[in-house]
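Next come two complexes, and both contain chain A; in the first it sits with chain B, in the second with chain C.
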Partner chain A sequence: MTIPSFHLFVQTLILGVLVGGVYALMASGLTLIFGVMRVINVAHGAFLILGAYITYVLFQNFQIDPIASILITIPIFFVIGWLLQRYMLSRIANPEQTSVLVTFALALVMEGLLGIIFQTTARSVTPSYTSAALMFATYRFPVTRLMGFGIALLIILLLYLILQYTNLGRAIRATTQDPRAAQLMGINTSMISAFTFALGVATAAAGGALLSIIYSFNPSSQSDWIARTLSIIVLGGLGSIPGALIAALILGVMEQMTAIVVTLYWSPIVFYFFLFITLIIRPQGLMGEIIREKG
Partner chain B sequence: MKSNVLKLMIRLAIVSLLITACGGATATQAPAATEAPAVTEAPVAATEAPAEAPIRIGASLPLTGDFSDPGTAAERGYQLWADVVNQSGGLLGRQVELVIYDNASNPDTAVADYERLITQDKVDLVVGPFSSKLVIPTSEVAAKYGYAFPEPAGGAEHVFDRGLTNIFFCQPAPSSEQSIPFAQFILGLPEDSRPKTFAVITGDDPFSISVVDSTAKLLTDGGLTMVLREVYPADTKDFSSLAAKVADLNPDLIVGGTQFEDSVGQIKAYQQAGYQPRGAMFTTGPSLPKEFDEALGTATEGVFAPISWFEESTIETNPEFVQAYHAMYGSDPIAEDSANAFTVGQVLQQAVENTQSLDNAVLIDEMHKATFTTVVGPLSFDDVGRPKGSFMVLQWQNGKIVIVGPDYAKQADPIWPKPNW
Partner chain C sequence: MTKLRIPASVWIAGLLAILVVYPFITNSQYQQHIMVMTLMAAITASSWNIIGGYTGYTSLGHAAFFGLGGYLVAWTHNHYGWHPFISAWFLAILVAVFACAMGWVALRTQGSAFVVVTIAGVFILRLLALNLSDITNGARGLTQPRPGWGGVPWSPELIKIPFHYIMLVLLCLTIFVSWRIRQSKFGMGLIAIREDEGKAESVGIDTMMYKVLAFGISSYFVAVAGGIYSYFFTFIDPSFVFGIFTSVTMVLMAILGGRGTLWGPVLGAFIMQPLSDWIIGEFGGTQIHLTVFGGILLLVMLFMPNGILPTLTEFLDRRTKARKASADSNPA
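The block that comes next holds the complex of A and B.
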């Protein structure tokens, strides 16, 4: 145990909040899909890594900035998500249970294919600003993390606005609350499901692009990321985007703080300990609602 | 049409479920040994006199996972050695065939691979994997069956302190002695430019820890103060908080215990944290001439690393090795690990030729007694397989590796202090 200096404490807090924002974006799609469809998309981590690889290819071969490439990857992922839901998940009987198996299989298939194409060497995308940092007072804000944080907040805000203020968003929320009633009100719930799934997968395109400039990755990294994003949405409350945001910030700050106060080894332990305690006190997570099983 | 799509989907789903069922237990970790494919079974060279079966030599290498870069480099070294031997008439007049499995950098898989090589594939000889973490458990398998275990990259103290006599570490010096030339350079700097403080930041790996801890001892004995020693999990990807901690203490010298990926991760994080040491040394990473440069560009300038071998060396057999390597793999600079694997081949070859035997007990005996001509210089071993030579120290200058010490191998003067990264 070391007690950090005030300066180091604040600096670490900054790093934790910045990385937490990126975690939030990565987890937002997962929690959105669960909220509407009660489906855990276990392939979400694999989609993040796929997004990272596409960003890598666009950067290496066409010199497209990883942030700009989001504009290309989001529509592609949206279409992939849509097709996947319409032609695969929607055809599964009893999707709330079996979808975990199917999306897990999808994750393994994607990991295998990425492994064949890209091998297992760790990659990262390194635009010119990789090592740059902005200074405020004596505190340093790494440019990649600052951009990641900004973009993550922007996309989460956009998601929130869509859900709150558009008819589509109202239809999604209605489907979340009670699919049968929503259907009776004339909402095409199967279309809403496809749209939500597509939207969730599309956020992974953005999350993957940010991942690629901040971390190194290889195909098997997908399992790290699905574990981390799942923990976030469980802590935040399944289905809640604001919950995911808060949980992601907690995870980010705790990870970084533990690393400087104790050691990096303790980071995951401290977080999971916090997760267990939370679940004992509030089984539905920080912002989650208790889901009633409907007969 | 629609029913076709449906059938396809059902098939896909069944396949997916099957894959889930098979892969569930191991998830995304290393594939279980039994399903690890033989990645590079060398084709049996067609000989004019096919009467005698080839000599089969087995190895398990980390071709994927954390050690995949150096592991792949080692594979190239083995493969090149086998090809060179086969082109010049083979070993004892027989062709050499390599049987190589991928252990995904996982010690358990590596152990299972050597069990399989020895008991099922019944290979005549085995050679070691990459790095101490895998050498420590696998050498015990080889010892159990009485196999000689020459290996290219496993020099941690724990490799030698278990009383095994079948290990031969084919680099010039064990890990604990590899950074002596670097420490001597630091301690030999004039008083006013010599660093006063240093930090040790190392991955949890027996090789890395062995090198950095021995470096730390030499530096501390020489009057420097260690302000921080941090050990991080081997798969760490985010070094930002660690870098913030180092930047806060601002030591003059950073000693990193790294494989490849984490050396890059550490340096990037130090750049972002604004930490500018006067000197930096990393164990593995800077020794990979192509990958290190690609990952870091100008930030490589002035970085030190201990090294066992360099491409321009005129030591006996090295120019031939370098030429053969480029003929086979192209013009990219050669990684040290390829040379170390090639060295293993040379030691094995000379032991077999000296004794005209494939009996592992005879070979073990010979390896303890003889001095071998290798690309890293004359090599001989003590009774637990520690090599008796010494390492060199490299520095990155103008985007290239140069040897800056000791004097007998020196290509250029060291740059001190290093430029900002």
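The block that comes next holds the complex of A and C.
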């Protein structure tokens, strides 16, 4: 164990906040879907990795900038999400119990197929600015992370505006609060479910693109990412986007700190540790409703 | 028309007899190996069924107990020379105690959240196994001496046979315990929790106690199997035993056969494990294996969520009922 100097401490804090923003984007779609549908989309990690691979292909074969490729991948993912909800998830009986296994199976299939297509070699997308960094008062701000943070905040803001100020957003929030009442008010809740799921999957397209420029990945990384994002949404409170934002920043910083103070290998444990502590002390998370639902 | 009905006990005795003489039917090492793995799969699936089937709590964390059993056995074998065939049974008690502690936290949650917590449990243990390399030898895993007894290694031609019988004994024990639980008041309580936990609690069932106990029992047989597994392969590595995929296979087998039934998980294991070995033999890599397993799980969840046995029983019931109805309407 090493006690970091003040300079290193602040530098770590900066990196943690930057990466936390990206985590927040990745988790926002997951928590949104849970809020509306009470479904935990375990395939979210696989969608992130799929997004990363599409970004990789677009970059390698067509020299499309990873950030620009988000404009291509988001609509594709939106359609995929829509179709998945309409033709698969909406058909399962008792979704609260079984959706986890269904989406888990989907994640395994996606991981297997990605492995067949791309092999298991670790990849990363390396645009010209990969190792560039801005210096500010002797502190390093890596360009990829800055861009990741900026894009993530932008998309979360967009999500917030959609939810807060459009009719669709109001319908989604109404469905979150009380699906039956929403239906009685004339909201087509099954349409809202499909839209929300599509929106959640679409955020994974952006998350995946950001992942691809900051981290290296292979098909089996999906399980690391689903573990991270799930821990974030449990800590933040299932279904709460502001909760996910705060939890992502906390965990991003804690992860970077652990990497510095202990070693890099131990840093993922921060997530699971927080997950368990949250469940013991405050099962509803920072801002969510209580997870334990009486039958 | 009276049809000769073969009583269940005869069926069971017959199947058991086949399994007892199996190593003498075939002397192919490969076929013997597959049978040992299938028995092991049936043990883990049946054991999982106690919490996942009877109680309705879908645990994806049972790989943790499998791996813990394996590591404890491997470690004590290497350090104290404890023979795995004996130590596995005792060390698994420690694992069950650990499972109760973990269950005490995890079982506060329900449904999807419970699944998530159990997944996290597996990840934690994998991290520990990877990083506490003084004890676990990190990513390289732990090896054990070649299987044998009293310092004499078993001959390579016969080496699968002791494993066949210890797995068979363990499977019988697992099914027996599972059957007794189903018959008991405890088992009724578990099923009541699955059907409606709130009502179960209101009729005076100590639901937390029941759930934790069921979780502990269901971890025990998985841990014994893990211990014997590590000796069978004389090698155990963290990314496999503490992998979610290890958990998923148990769940898939139980669901495919019929979760919550006594024989469903066994049936599921006897279908999936040979299939799994065939896929690995035919296509090698894990990627196709993963795709096929995920695909089967997906199809089962979408089209036959109750599994083979309940679906079959329902089908037969409906047919006999229809036949009876037609017989009643056309009296001879």
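Points to keep in mind about this one:
Quick note on the criterion: the second predicted complex is superposed on the first by the 283 of 295 C-alpha atoms of A that agree within 3 Å, B and C clash if a C-alpha of one lies under 4 Å from a C-alpha of the other, contacts with A are read in each partner's own complex, and residues count from 1 in each chain.
The rule is short, and it goes like this: contacts are C-beta pairs under 8 Å (C-beta built on N, C-alpha and C of every residue); 3 or more make two chains touch, one makes a residue touch a chain.
Computed from a prediction, not measured in an experiment: that's the story for all the values here.
Of the two partner chains, chain C is the only one touched by A:276; chain B is not. By the document's definition of touching, of the two partners only chain B reaches A:4; chain C does not.
Shared-chain residue A:91: touches chain B and chain C both.
Contacts of A:111 after superposition: both chain B and chain C are touched.
In the overlay built on the shared chain, the residue A:102 is in contact with chain B and with chain C. Contact with chain C, but none with chain B, is seen for A:39 once the two complexes are overlaid on the shared chain. Judged by the touch definition given at the top, the superposed model places A:230 against chain C, while chain B stays out of reach. Looking at the shared chain after the overlay, A:266 reaches chain C, while chain B stays out of its contact range. Applying the stated contact rule after C-alpha superposition, one finds that A:160 touches neither chain B nor chain C.
Chain A residues 88, 91-92, 101-102, 104-106, 108-109, 111, 115, 120, 223, 265 lie at the interface with chain B in one structure and with chain C in the other. Interface residues of chain B, counted against chain A in their complex, comprise 5-6, 9, 12-13, 15-17, 19-20, 23, 27-28, 64-65, 68-69, 204, 230-233, 235-238, 240-242, 244-245, 248, 261, 264-265, 268, 271-274, 295, 299, 421. The part of chain C that touches chain A in the complex is made up of residues 56, 58, 60, 105-106, 108-113, 115-117, 119-121, 123-124, 127, 130-131, 196-199, 244-245, 248, 251, 255, 285-295, 297-298, 301-302, 305. On the chain A side of its complex with chain B, the touching residues are 4-5, 7-8, 11-12, 15-16, 19, 87-88, 91-92, 101-102, 104-106, 108-109, 111, 115, 119-122, 124, 126, 130-133, 140, 142, 144-145, 214-217, 220-224, 255-257, 259-260, 263-265.
Those residues of chain A whose C-beta lies close enough to touch chain C in the complex are 34, 38-40, 42, 88, 91-93, 96-102, 104-113, 115-116, 120, 219, 223, 227, 230-231, 234, 238, 265-266, 268-269, 271-273, 275-276, 279-280, 283, 291-295.
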